[in-house]
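Chain IDs A, B, C, D and E follow the sequence of writing; residue 1 opens each chain.
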Amino acid sequence: MSSPHRGRVVQIVFSKDLRIERRSKVLTSQIMPFAVVTLVLFAFALDGDVILQRTAPGLVWLAMLFSSMIIVQRSFAVETADGALDALRVAGADMSAVFWGKWLALVVQLLVLEFVLLVGAIVMYGIELRLSGVVLLVTSSISATCGLSAVSTIYAGLASGVRGRESLLPLLVLPVASPVLIGATRAAEASFGTGGTVVSEGWPWLGVLSVFAVVFGFGGSLAFGPLIDD
Amino acid sequence: MSSPHRGRVVQIVFSKDLRIERRSKVLTSQIMPFAVVTLVLFAFALDGDVILQRTAPGLVWLAMLFSSMIIVQRSFAVETADGALDALRVAGADMSAVFWGKWLALVVQLLVLEFVLLVGAIVMYGIELRLSGVVLLVTSSISATCGLSAVSTIYAGLASGVRGRESLLPLLVLPVASPVLIGATRAAEASFGTGGTVVSEGWPWLGVLSVFAVVFGFGGSLAFGPLIDD
Amino acid sequence: MGESPAVALQDAVALISDFPALAGLNLNVDRGEIVMLTGPNGAGKTTLLRVCAGLTPLARGHGLVMGSDITTGREEVRRRVGMVAHSNGLYDELTVRENLDFWGSLIGAGDDEVHQAMSMMGLDGRLSSVSVRGLSAGQRRRTAFAILVVRRAGLWLLDEPHAGLDSSARDEVDEILKQAVASGATVMLSSHELDRAQKLATREVRLAGGVVVGDGQ
Amino acid sequence: MGESPAVALQDAVALISDFPALAGLNLNVDRGEIVMLTGPNGAGKTTLLRVCAGLTPLARGHGLVMGSDITTGREEVRRRVGMVAHSNGLYDELTVRENLDFWGSLIGAGDDEVHQAMSMMGLDGRLSSVSVRGLSAGQRRRTAFAILVVRRAGLWLLDEPHAGLDSSARDEVDEILKQAVASGATVMLSSHELDRAQKLATREVRLAGGVVVGDGQ
Amino acid sequence: MTIDTPTSTTAPTRGTSTPATRVLGILTIAMTLWLGVFGLLLSPADRDQGDAVRIMYVHVPSVWLAYLAFIVTALASGVHLFGKRHSLQADRVAGASAEIGVVFMAVTLVTGMLWGRITWGVYWQWDARLTTTALLFISYVGYLAVRGLEGSREQRARRSAIVGLLAVLEVPLVHWSVKLWRSLHQEATVLGTDLDVSLDGLMLFSLFVGVVAFTLLFLWLLLHRSRMLTMIDISADSGLDTALAQRRAEGGASI
């Protein structure tokens, strides 16, 4: 029997990850309440003055960073729990396809979370959104998510390998991920008009985020095999 | 052979947990960098204006809440990984002693983290601390940490084991823990003199926090056995 | 004999997330027996052992273990039983020695007992300071057994005790069990290695579909 | 025969976090053999099997598996081997059927092959829709085997294949292995159940301390 | 596993209603109508709130009944946990009461938000009471989730009883949140509007009617729901019987 072509493998891994998520409901019943309650608590800690709107974008993206780490760690814990990762290696699965599959699953989950967080923030913090801002917000969020997912997936790939490594990784990854955060935050601020910013200020950031996403996306798909396969 | 008295069990469990932490270094090399980077990123997101000092206490305690969740989940993952929790039950270990042991280990780890975070915030956000505030800060932080740890440990106990439970942990902990978060934040604000608050305003919060800690501490040591042991 | 049986289960029903792993099982085990549980995969052996250890509650029926009710008197039951399950209950981050010290001190065992148990299972020397994560499958199993030996239980519950152990360790385990029984303990073990277990056991109980379907010497 | 040996290791040294689990091991396995690996716990059997699967790299020495170098030609090696390790490589959250479908489609196997493998291991019927977490130890093992069967490998690497399986499943597995060899495959299995494995194997290789200490029919 | 003393009325064949509950139901409906009359027609509009004040007749009783429901849950949980028999009936009462409480709490939130939109101009604002209320609501959603976990009935009962006893501690927190934060927090909380409803006699009476109506409603629901839960458990038992038969059958032709 011939092993299936790459696209198929991506799709197999992707749907497997999403199915597992549907079963274990980590996102919907663990991370989301977590994120939402964070918004609530934060709102309360700074009870409803202007600060809230200033900080909203930063908060949302901080929550995104945490969540992406948790989700991706879980998505690799599932692989290592019963030695499935070794099985994948022995099965000779195309690792860069596996990377894209897991990446895609992560992107989807993060986008769902993001939608909830943004809506939550807009409603709870009383942010009014300018139509002109929406486009920027959506595009920048998506490309930021792609970049973040790529970094996280690489990170988790590394961490899932030899023990002891993982202790290093947050140190390596977080500095790398923070540009995404800052970029996404700035873009969101621009689209919200936070602190009198205008939408046009946001577009350059979108560029940065896209470049970042592309670089780490393809970097990841190349690096992933070697990483997993020490 | 006679099973050892409760105090001894507490000490055994406590030192076991800390030793495992020393080996796996989850706190020092995974959570701390995270927490610190959070502070940095926020400093970026609201590039160093006065808002920063307003938000600092809230931020620190939000980070604490996240971290306590991660640490406690890990500390129970260690128990369930190879069925050690079942072994503890079969060994007839005094569960309330186990609770205190794990609680204590969590408190110690959180206090370390807290120290780092507070120092970090004070340095990075340029908060100047009044001597009179220090006492309040320290006492309130400690009692808040005790309360937070108690709540987290109780519900992590409930969440350990059977599938689906773990996804509940934040949902259960966060609402209950939020008074701690709020109280600690307010106390910290008072001791920092954030927004022109005076230290005296902080003391009542210390009261609230202490009551909370005591209630959940003893509630936990009673509830833990039945929770673990079903 | 006058004293209560080691295990007495009546119409025991145990659910694992709504599935009746035990479906109204009846079993009596006298003190001093070595009962081997056999039966196809999924018959309910593990569940039965967990029930006897008070780990899995009964949904219906009654059970006495070492004279105390497994529903109401869990604490007493636990004080009397020791178990080696499919999982070994070890802390990966700790060394073999540290694991034994932990469990030993929890039970209140002395240092010498711990050391004796370790040498029994061939864990002294190099291995004692290896972190459990580094151990081979069989070495993990040996460690679990060393802990069990320290436990000095009245009722020994063993889930496939021989699995993963090499022949010398198997003989050692059998020896330990014989000694334990000689000193008044009772043993229940599940096994798929019939001929080996048969040499050891005084009685064979066959499970299938969550009930006893065969019982003989 | 003219074709390259299934396995050819020279002075193989494999480290597990600095410990030489294999310490300069030499081994040649011809196609069509059923080699059983024996030896005390910690001898290096699992490590050897992992090396042959290209999972554990060689720190020193050379190795050919199914004609390709295990250091440089990992991809080719993996295309030819199938393995059942101590761990089963299953996803707890998925059902038996879903697990088989996943691995099946990853390998490019057809639906019928999957179904056939499941019925071989007695996993059709009720179990097929049970989530793997709910399975008993042996049922998990059966699932792992079903996946291996679908794999149709040229070299089968089995780490204690019989452990946890009930007698009927053991016979089934032996049957499957015999057929595989008949159709040109090679089998390496580690085992502590000597007499059972001996019935099956054409050759017994004894390891100790990370090297071969005995080799015979 | 035995359903302890299910009353004859809880036999699955019969409904969950008894003459008593029917009377109760009729009373409830009557009081609710009466509340409508007083709340919407007879009671005057508020000086500065206008007709919006009428929301109060639903808003306030629903909160108080939610409180009551959660307290009942806690008490029943205590009975189960510390009682000799570890009564499962008590557990079912706890569960039923919590479910009703969550509904009432939701009503409070919705009515409150509507009222807020009218009087404050915004649906939500971050003062002590609103925040704590939201958190209280979340906690009991969590409680219900714990009840939904897999495991035997005893497990379910024990777990949820503990959660129920811990969660009820938040009720006083909500109730005194205003005072707490007034006294503790430097900035005056925005809750002014929340309280300066000057209640004249008729308003007060309408509110009273509301409370009575909601109390009756609560009792009525509680009786039905807890009997409902009993019946569910009973039918689950009969389901188990068939499952047991199948399982034993495996013995014959087992895998």
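Criterion: contacts are C-beta pairs under 8 Å (C-beta built on N, C-alpha and C of every residue); 3 or more make two chains touch, one makes a residue touch a chain.
Remember, it's a predicted structure, so these values are computed and weren't measured experimentally.
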Hopping only between chains that touch, the fewest steps from chain A to chain D number 1
Greatest Cα-centre separation from chain D belongs to chain E
Maximum number of contact pairs occurs between chains A-B
Rounded to the nearest Å, the gap separating the Cα centres of chain C and chain E is 46
Per the C-alpha centroid definition, the whole-Å distance linking chain A and chain B comes out as 26
Chain A to chain E, mean C-alpha position gap in Å, rounds to 38
Multi-chain touching residues of chain C, meaning two or more other chains, are 17, 19, 40-42, 57, 86
Flagged in chain B as touching 2+ other chains are 24, 163-164, 168, 171, 174-175, 178, 230
Check: chain E positions touching at least 2 other chains come out as 135, 138, 145, 150-152, 154-155, 255
So, in the complex, the side of chain C touching chain E is made of residues 13, 15, 17-21, 23-24, 40-43, 57, 59-60, 208-211, 213
In their shared complex, chain E is touched by residues of chain A numbered 29, 33, 37, 40, 43-44, 46-48, 52, 123-124, 126
Within the complex, chain C is touched by chain E residues 1, 150-152, 154-155, 240, 243-244, 247-252, 254-255
The residues of chain B that touch chain A in their complex are 24-25, 29-30, 33-34, 37-38, 40-42, 44-46, 51, 54-55, 57-58, 61-62, 65-66, 69, 163-164, 166-171, 174-175, 178, 181-182, 185
Per the touch rule above, chain D residues touching chain C in the complex are 16-17, 19, 39-42, 46, 86, 127, 134-139, 141-142, 159-160, 162-170, 192-194
